[in-house]
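Look for chain A in each of the two complexes below; its partner is chain B in the first and chain C in the second.
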Partner chain A sequence: MTDIRYLAPRTLDEAVGAFAAAAGGARILAGGTDLLVQMRAGVAKPGTIIDIKKIPEMTAIEDLGGGAFRIGAAVSGAVLAEHAGFRKAWPGVLEAVNLIGSKQVQGRASPGGNLCNASPAGDSVPAMVAAGAVVTIQGPNGRRELPVEKVPAGPGRTNLTPGEIVVSFTLPARPKGSGDAYLRMIPRTEMDIAVVGMGVNLVLEGGVVKAARVGLGAVAPTVLLVEDAARALIGSRLDDAALEAAAAACRAACKPINDKRGTIAYRIKVAGVLLKRTAAIAARRAGGN
Partner chain B sequence: MNDMTNKWIGQRTIRPDGADKVTGRAQYSADVNMPGMMWGKVLRSPHAHARIRGIDTSKAEALPGVKAIVTAKDIVEFPVDKSVMLGIQDMRWMCRNVMAREKALFHGHPVAAVAAISEEVAAAACALIEVDYEVLPHVIEIEDAIKPDAPILHEWNKHEGKSSNITGTMVLKTGDVEAGFKDADVIVERSFTTRPVHQGYIEPHSCTVSYAADGRVTIWSSSQGQFMVRAMTSLLTGIPQSNIRAIPAEIGGGFGGKTIIYLEPVAVMLSKKSGRPVKMVMTRDEVQRATGPAPGSMSTVKIGAKKDGTIVAAQATFYVQAGGLPGAPLRGPVGCSLSAYAIPNVLSVGYEVVSNRSKVAAYRAPGGPHGAFAAESVLDEIAEKLGLDPLDLRIRNSAKPGDKALYGPTFGQVTFKETIEAIKAHPHYKAPLDRNPRPGVKRGRGVASGFWYNAGGESSVQVNITEDGNVVVTTGHPDIGGSRASISNVVAELLGVEHSRVNVIIGDTMTIGFSNLTGGSRVTFASAMVATASTEKVIGQLKERAAKIWNIDAEAVKWEDGMALPAGDNAGKFPPLSLKELAAKANEMGGPIGTQVQLNTTGADPGFATHVVDVEVDVDLGIIRVLRYTAAQDVGRALHPGYVEGQIQGGVVQGIGWALSEEYLYDKNGKVDNATFLDYRMPVCSDVPMIDAVMLEIPNPKHPQGVRGVGEAPIVPPLAAIANAVYDALGKRFSALPMSPPRVTERLEQP
Partner chain C sequence: MAKIHVSTTVNGEPVEFLCDASSSMLDALRGPLGLTGTKEGCGTGDCGACSITVDGRLMCSCLMLAVEAEGHEIATIEGMAQGDKLHPLQQKFLEMAALQCGICTPGVLISARSLLEKNPDPTEEEVRFGLAGNLCRCTGYDKIVRAVLETAAEMREAAR
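This part shows the complex of A and B:
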């Protein structure tokens, strides 16, 4: 009954112009794996859909050297997985992106969409937070950059201003001894949504943690950067006491709800368990194994 | 005519529906479209429990594109004081389930329906219908519904003299349990709960209906019985059965949940009122909210045994959910849970409880898994207390031929022991189990058995020889578990022709004789029996034709390898006449060759199954995974082994979901909170191992091929088998399902 305008601009300026002009009546389409589901459910009723996949910058993967990468916001998980250099530098980010949905969904779903959907349970977000990714945003007033953890504002809400589009993620260079990992708890083995999601990124030197970042998902209105957990790990050899301190910091950071996907008590407990398990994988990767 | 040297019976022949399904050609009911077709949509109650004071459809009727609106007043009313049964369904409740009458009894209960030029217009019209609800307090769980001060769903219903949500009871009894328990050396009594689970068919309910100007109706729909669709639609619309042609579409799963109708009578009335064909397709959300799950249950089982393991007494009480309207499968737990055992003193009691959830429907061995979960868990504990192997305990107490079953009849063949021995001898049961393979990971092994009644009943099969000497078989049962493949194997075998020359189709209510539902593990049993009778008649006709051509007696002709031959030297010397040759001469020698046989079949002896399972528990996360699963079952004769294995594997996987992950979640307003396959967690492929199906082929002496029903018994043991394995792993018994990660974690923190 309702007409929907579909636009597929070739430049970011056109996209931003159209998005701003629609004054809230438009939605950005990357893979569409959230948007189309919301439209079918009657939750989203956009008057205009702006498909950003024809904008080269949004689908590019740029190797910046030394393990640093810039990833277009609309790059699909499946395409990212085919990039050998990225796979080697950021296995944790990659495994997180490719836990989104099924194989078919992974051919469409993008980290940009996952971030802008602003679900606290989005799988790629805790890994991107742990990675220290910085997001490039373009809007009617030009470009700006935000740390990825600053983008979500709450379930389904972001800190983007009207007309702004997430363009790309920039991941920093990888010093020697770097490793990242992502684990999530789901009741099934696949095709599920994280009850808790955990991203850990470590830099080790001689077995000692030099740098650490911990991203924690599905336990609060937004994905959390758990700085206390990182502090507990830095300077340690990942001994049991340090891991338990980091796990305790993760548990303390949780502000979960009881819902159909998990209870408060369960989510808090799992956050601690996953910190230890994810850190172990990240450390193994950092050690070159 | 039936042994292991058969050419087609027992072969994994290509499935007749396979090519259509993998190429997308199969016609499911949502694939049927008609010129001028309208879309029907149902307005559903937003409340869990509400009196309907009035419905104003005027605004919806005024919306352009709306062609018809139906409410309860368009559906035939059956007064609550007089039962009218059709199969297991009482039309008093059916008429109130397809369209709410006095009250909306659950969130999602149909209140009105609209036919309009598009789905969008129909949905917009539904939103314009004004229903005056008096919202009432609601009750969801059994334990709340049976409390003295619970909100009452049906004021007219009395239990023990008082208004109550207990709408039915069933008692089976033998011996004297009080006296029996006095003789016991060990007694274990435990209580259990299971949650409602949905059948989870991938294809939602749908139908396309055309009510013609002359009053004749055609229904294309997905169901487990086109004759059930015809009869129920007739009763609920007042249209005679002879005017209703119900055409079974290809079915995308049923598991019992399509032995009942939801949309057809509503679509018929929309089509009648609009004068247009009407199509209705449920969304997944509607399927989950408003179609029948299996009930939840609350049960207590007490079993007493002697030191040597002989069971002397058993007492069981089952509270079984019905949903908003009566119709819980009490005979499942009450009759099945203890029937595989020879126990002298038994008292088994069931109570049906209504509450504000969707009306339950049959689901694979209805009620059987609930009862077995309780009884087989208690047996495991008895075996442990007595220091006996749990399989030996079951062998010792197995019912025997000639025993009187708790539910009435006297057992003929009893093949329970064979299933237990098959598991005992299986490499799985003997394989060493690494109980603590890694820190934080524990493994355990469990066993359980199961019993299901099985059934025979009405079946019709037409066998026709085509003019070019091939075979067309028409049956009256929707094929949900390989009945077409099984029947084609049987007919090809009996006629002695290549399997590729036999085509089996499913007739509609006007092209084939009455055939009962596909359900109760009955269809392959019944239709193979009737197909045999029908084919044998056709072979008789073929022999008569050959006799006529050779001018000898029909008795002097035999049928072998697809040809008529003189029975012996005395009959004379004639070259054989093939099916093709006889078909070519059919019309000059007496007319078309073919016949239909219609029978009410009997002789479906019960099914027995014994399972063993290994589980692994991630202790810190509370996640249970099934590592290995072996299911032994007496299948009588596997006409098509691939399908028989599929039945066993499918039943087990559904049982795994029931045990570990599936449940309905309700919010505080009594609304289903997880009406999607994302949050209603059925297992996906990667959640389960390949299920090893051990098919014991012990021929059923009452069936021409030895067939025994196989579809339901496999879902009976898994709940208890998995719970017993989890106990073996963790040393803690789980009396509440599902054993989901938060529950396991919580239980591990308890003593």
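This part shows the complex of A and C:
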């Protein structure tokens, strides 16, 4: 471990240059709540650590107006929680980000790290998918944008190409009547990994759903955008039949694993239950906006 | 590879130390800085025994590289008392015997202070949630929670 190099570049170009030059031997450090644990366990053995927190764009929260925000990939959960405007516009995204670990972990952990760690059970990801967040990525060949659901490729794997760094998340403007929510099921009351994670984002007009997005986590190799569930909700007044159809779509989308936290049958059933509960919270919030 | 030179502030005092790039802040505190009040429990961010604040924000020092301390303000358990005068939380933990083996206590105190700075009047549930990142292997949680609530009440009274 003695020959590790630590770099803290001030610009994205320097960071991308160093990351590409290391040809797979470098790891990006934001909060480090996954990386330092992996290094200690011997799973990650980077030759170079590139700390991106001195790059202003990586730690900025930009209010773009009308409820739209750009969040730097390395913004910590604790910092995001202190942003009153963001809290009001995207309570579901915030509650998902703030479920990642303890208060101590919140002081460091970032949505960018949560996405790039690519756990199917990452809490912030389903909420970001429901929000319709677009990820800005910079690499040796310049900048590109990807919908957040296109970033994870499988457990621990992303669709980023060598040398690419996640820079920020852009969340769209909020029409009147918007509301989002995130719920997860865990066997403990706190500090656990989701058995199912559910993000729902709704736009209501006169009680009718005009737009909906549903993000589903921990029940497949990647977090899923469940378009069939959204279609079942759009045009409805969130009546029982529409909610049951959306719940059925969520259950159908599940391809879960069996593990000590939950069986396949349990995870599938809970996915449907959480769709209904999360949609109810999102609708209540939409009614107040 | 040469050691890295780091200049930082610990408990209000400017300090300098040398470390490897892979050293954690916890390694630096307990090694070159000689501040062994911060404990190592799990080393993976689960137990909170190594809790410190960085620029006033609560963190696990095992999940931070020592080189990241450059230019920041670190606060550890050693800076909690003012000379011989204990912080009200420390005093109350003694009075109410809110510790057993004591390994988790520095981290719990740092965490509890951070909680009360943000929320001087927490409910029991808020205290339990706020301290959920601090594990006590002796399982003495009830006395800890009661001592934090009692301290909060006394600090509010003293501030009136």
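The definition used in the following text is that the second predicted complex is superposed on the first by the 286 of 289 C-alpha atoms of A that agree within 3 Å, B and C clash if a C-alpha of one lies under 4 Å from a C-alpha of the other, contacts with A are read in each partner's own complex, and residues count from 1 in each chain.
By definition in this document, a contact is a pair of C-beta atoms (placed from the backbone, for glycine too) under 8 Å apart; a residue touches a chain by one contact, two chains touch by 3 or more.
Being a predicted model, the structure only gives us computed values, none of them experimental.
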| item | value |
| --- | --- |
| Which of chain B and chain C A:K260 touches, first, second, both or neither | first |
| Partner chain in contact with A:K269 - chain B first, chain C second, else both or neither | first |
| Partner chain in contact with A:D51 - chain B first, chain C second, else both or neither | second |
| Which superposed partner A:E190 touches (first chain B, second chain C, both, neither) | both |
| Of chain C and chain B, partner touching more chain A residues | C |
| Overlap of chain C and chain B interfaces on chain A (superposed complexes) | 1, 190-191 |
| Complex contacts: residues of chain B adjacent to chain A | 118, 120-121, 124, 620-623, 625, 661, 665, 673-674, 678-679, 681, 683-684, 686-687, 740-742, 745-746 |
| For the chain A and chain C complex, residues of the former touching the latter | 1-6, 8, 29, 31-33, 36-37, 39-41, 49, 51, 53, 76, 78, 101-105, 107-108, 190-191 |
| Contact set on chain A toward chain B in their complex | 1, 185, 187-193, 195, 260-263, 265-266, 269-270, 273 |
| Chain C residues touching chain A - in the complex, by the definition given at the top | 1, 4, 20-22, 24, 43-45, 48, 51, 54, 57-60, 62-65, 67-68, 111, 114-115, 129-130, 132-134 |
